[in-house]
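In structure tokens below, several structures.
After this come two complexes, each holding subunit A, first together with subunit B and then together with subunit C.
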Partner chain A sequence: MEKIRDAFDFRDFSKPEKVGFAIFTLFLLIFPWLGAGSFVKAVAIQFLLFSLFGMGWNTIGGYGGQVELGKAQYVGIGAYTVALTMVWWKIPFWVSMPIGVLIAIGYSFIIGYPLFRLKGHYFAIATICTSLVLQDIFINWKLVGAAKGIELPIREHPDFLYMQFKSDTYYFYFIMALFYVAIFYMNWFRKSKLGYQLRMIKEDEEAAESLGIDARWCKIKAYSIASAFVAVGGGFLAVYNLYIDPYSVMDLDLSIKIALMSMLGGAGSMWGPIIGSAFLVPLDRFLGSWLGAQKGLIGVDFMIYAALIMIVSAYQPRGIWGIIEQFRKRGA
Partner chain B sequence: MAFLEVSELVKDFGGVVANNHISFDINQGEIIGLIGPNGAGKTTLFNCIVGYHKPDSGKVIFKGKEITGFKPFMTNREGIGRTFQIMKVTAGMTVLENVMVGAFCRADDRNLAKVEAAAILGFLGLDSVKTYYLNELPIAAQKKIGLARALATQPELLMLDEVASGLNPKETEEMVDLLKKIHQEKKITLFLIEHVMEVVMPISQRVIVLDGGEKIAEGLPKDIVKNERVIKAYLGEKYAKGL
Partner chain C sequence: MIILDALLQGILMGLLFALVALGLTIIFGMMDIVNFAHGEFLMIGMYTTYWTSLLLHIDPLITLPASAIVGMLLGLASYYCLVKYLLRGPMIAQLFGTFGLMLFLRYLAQFLFGTDYRIIQKGLLVGKTLALGPFMLDWTKLSSAILSLIAFLFVYYLLHRTKLGKALRATALNREAANYMGIKTERMNALAWMIGGGTVGIAGGLIVNFWYVYPTVGLLFVMIAFASVAMGGFGSIKGAFFAGILVGMIEMLFPVFGHLIGSDFLGPHFKFTVVYFAYFIIVVLRPQGLFGWKK
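And then the complex of A and B:
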């Protein structure tokens, strides 16, 4: 009961935050009826999806302060579980998605146990490696479609069981629902014992250990929570795109984007991943399609992207949310 | 049976023997001072007991249970709290949150942890700085917060690493009073590394002296200050004469 109350209790946020959050929620609810084109809708879905990924990453990367750059492997696990079980055994999404999450959690414990013996840069590199190894396995594994990937069988009619719809609006509302589950979870998480302990580990791991915190075990737990979040998003990606291959769901690029968006928005804060995703997803898509299409400007979007990240990280390592808080403090 | 029993403890950092066959006992309810020149192996000894270092040989027995080689969080759960000589001064958590993390060691519930943390801050007279971040506070307050954090884990033995270093005489006096208060009201056994003689001598019931990784003396403060070896190694002629 306490936990449920904590998840829905937003009282300790400031008034502008509460108002902003309410307006944002309202906007999302009516968004599909505002007459946006399919491209804009796709960007909005992408934004919610990356917010979900980012919030997951934020548990271990933000609150726990561990530079984790291997989240793509869990996107892959979630996506492949949904796709393969559907192709092979016609298992509906609502069954295969939780299975994917369970597999991701199990896998994250197996990977996390040795991984968290490492610290700092070594840990970051190791997370990249585990993800790349899994990607390589999938690229060469004939049974799961190898590099060609797999196509999900398309249902004749829109089907709720298999989450196949003609209109993006349904996908939008579905990812929005997942997004809000994630927000409520994070709202509980930041106030939980594990949340506090992780923040202490981030501040000063030695001191945390002296306060009875099993740092390694806490990190493993947070890592598997993050993995579960990301696997949910991966499952969504499979039914949304109806086609997955190791390059689209397990790429290093994806891992880095997940981490970068949260860092840019503000790692270790409630709104950071959402802000980061709101900035970078549209930037990425619009710049990519606008600038990338012009002759001689290929790659300029990446340069703008990189410059933005450098500016924010040099100015305020706690990201955009850190800048906002800084101004708020100065005003108070 | 002694409360904390250290026997024949050896820690060898590949050539430098930081602790060479050190043995001593601490009884429940005592205040023990650990002194010695820089590099004598005091902090290493602390780290070996608490678990940051694994001793090469020897035993640490706490309340009749062998805890040699336990990890720091395990020794903490057994009932040993510690503070650090140099605290990382961070900007990410408030004072209250810092102490709550300590309280979470024994309490799962957030509200309970909050109440306990607030009680400890009140006990140490830190009510007014509750909402500050560590980096916004003077060193004396930071040291007290280190103390509060450790106390929140409800230790039976509290090991303090230079809790008065960097404090001015008035703050040092306050710290001594605070330590006495903790000892009397919370019934916690204290084991402290200290360079400031004004702290060690008045409150310690016994003093252990290390030099070059060896225990060179142990006894009552009034005997220690007269001990030839201790004067030579650490206190210096002046201090001895001044008494």
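And then the complex of A and C:
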């Protein structure tokens, strides 16, 4: 009971944060009726999806301070579970998605156990390696479509069981619901015992261990929570795109994007991942559609994107949220 | 026989991997930064050799100094414009800073040269093979391997036998103490980036003799370099050398192994997967790498 109360208790946030969050919620609720085009709607869905990924990453990467760069493998596990069970056995989304999440959690325990023997750069590169190995296996595994990927069978009529709709509006509300579940979970998580333990580990691992915290076990738990979040998003990606291949759902770029957005927004804070993806997803998409369409300017959009990443990481490593807090402290 | 042949090819390739890994490990040993843009430095080294040999009509092997100089300048520029500022931040900001540099260079190359796959077609050694008893070796690979061994030994000499190298290693071991001894550590950082950029530039100039060059070629090599550096132990030069050769041998032996046991699944398309897997196993069993001194 107390847990549920904690999840809905936003009292310890400052007033501007509460007001901002309320306005943001209202805006999201009426967003599909504002007459936005299909492109803008797609960008909004991407934004919510990446916020979901980012919040997942934030548990291990932000609160736990572990540089984890292999989240794409869990996107892949979630997406492939939904897609394959749907193609093979016609299992509805509402059954296959939880299965995907369970597989992701199981897998995360299996590789998390050896992985968290490592620290620092060894850990970061090992996470990349595990993700690449899984991607390579899927690229060459004929049973799951190999490099061609899988197409989901399209239903004639919109179907709630299989989550197939004609209009993006439904997808928008669905991912928004997932997004809010994630927010409430994170609100509970940051006040939970594990949340405090992780922050302690981030500050000083040896001190945490001397206080009787099993650092490795805590990290593994946080890692599997993060994986579950990401697998949910992966399942959504499969029904939303109706087509997945190892390059789109398991790529290194995706792993890095997930971590990058949380980092740029402000790792280890409640709003960081949301701000980060609110900033980067539209930037990425609009720059791409604006500059990418111009002849002779191929790649310029990514150069601007890359320059921004370099500037933020050199100027304020705590991200956009860090900059906001800096200003707030100066004002107060 | 087929195994011996693969072993030999693996050693040749491994020498090049070692040279790529060398720059990465020097930079890491100095300032604990993993340079994601390392593969892109390699790509630029490859393009430099490609274009100079094409436009000036000279043999690609003679253009190596150009690649080395471009690599050094690139290393210096990225140190003074970016890395200097990144050093103040936490590890994750450093990773993403160099990741941004990687994206920037990759798409700059795509902007300048397009996405075409290019390969050197003319050259003294291109397409010629050397019959060494029962083994057939490509002259390009052989000469590249020998030149990369020479470059490696030169850097090793520089680091272990000269005063400059001593200062560099002292900084890597203990920055503060080195500072008290009057070593300008800031300049040592820049030097590490210069050496790192230069060696990887040379490696690029060598690899382009028998490998296609395209803007995203760096990713494959940087992952291999990461794996070999981490296998050998971050910061260890000896480790980078042996791990590079080990990686080359794994990469060449694995398809042969798959062929011998008659498995379709264990084919050449998994050769790099096995490298990542080997990395994973090695670091889990020995978290500081094979020759590591830095944790």
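Of note:
The rule is short, and it goes like this: the second predicted complex is superposed on the first by the 332 of 332 C-alpha atoms of A that agree within 3 Å, B and C clash if a C-alpha of one lies under 4 Å from a C-alpha of the other, contacts with A are read in each partner's own complex, and residues count from 1 in each chain.
Basically, contacts are C-beta pairs under 8 Å (C-beta built on N, C-alpha and C of every residue); 3 or more make two chains touch, one makes a residue touch a chain.
Note that this is a predicted model, so its numbers are computed, not measured.
Shared-chain residue A:A215: touches subunit B; no touch with subunit C. In the superposed model, A:E206 makes contact with subunit B only, not with subunit C. Touch criterion met: A:D136 reaches subunit C, while subunit B stays clear of it. Here subunit B and subunit C are compared by how many residues of subunit A each touches, and C touches more.
Once chain A of one complex is fitted onto chain A of the other, the partner contacts of A:A177 are absent, as it touches neither subunit B nor subunit C. Once the two complexes are overlaid on the shared chain, A:G120 sits against subunit C while remaining clear of subunit B. Common to the subunit B-facing and subunit C-facing surfaces of subunit A is no residue whatsoever. Note for the complex: subunit B touches subunit A at residues 50, 52, 71-73, 76-77, 81-82, 84, 87-88, 90, 92-93, 97-98, 100-102, 104-106, 108-110, 113, 149-150, 152-153. Considering their complex, residues 61, 67, 69, 114-115, 117-122, 124-126, 128-130, 132-133, 136-137, 139-140, 252, 256, 259-260, 263-264, 267, 297-300, 302-303, 305-310, 313-315, 317 of subunit A touch subunit C. Residues of subunit A touching subunit B in their complex: 2, 6, 191-193, 196-197, 199-200, 202-204, 206-215, 268. Against subunit A, in their complex, subunit C makes its touches with residues 28, 32, 34, 82, 85-86, 88-97, 99-104, 106-108, 110-111, 114-115, 215, 219, 223, 226-227, 230, 234, 265, 267, 269-270, 272-273, 276-277, 279-280, 283-284, 287, 289, 295.
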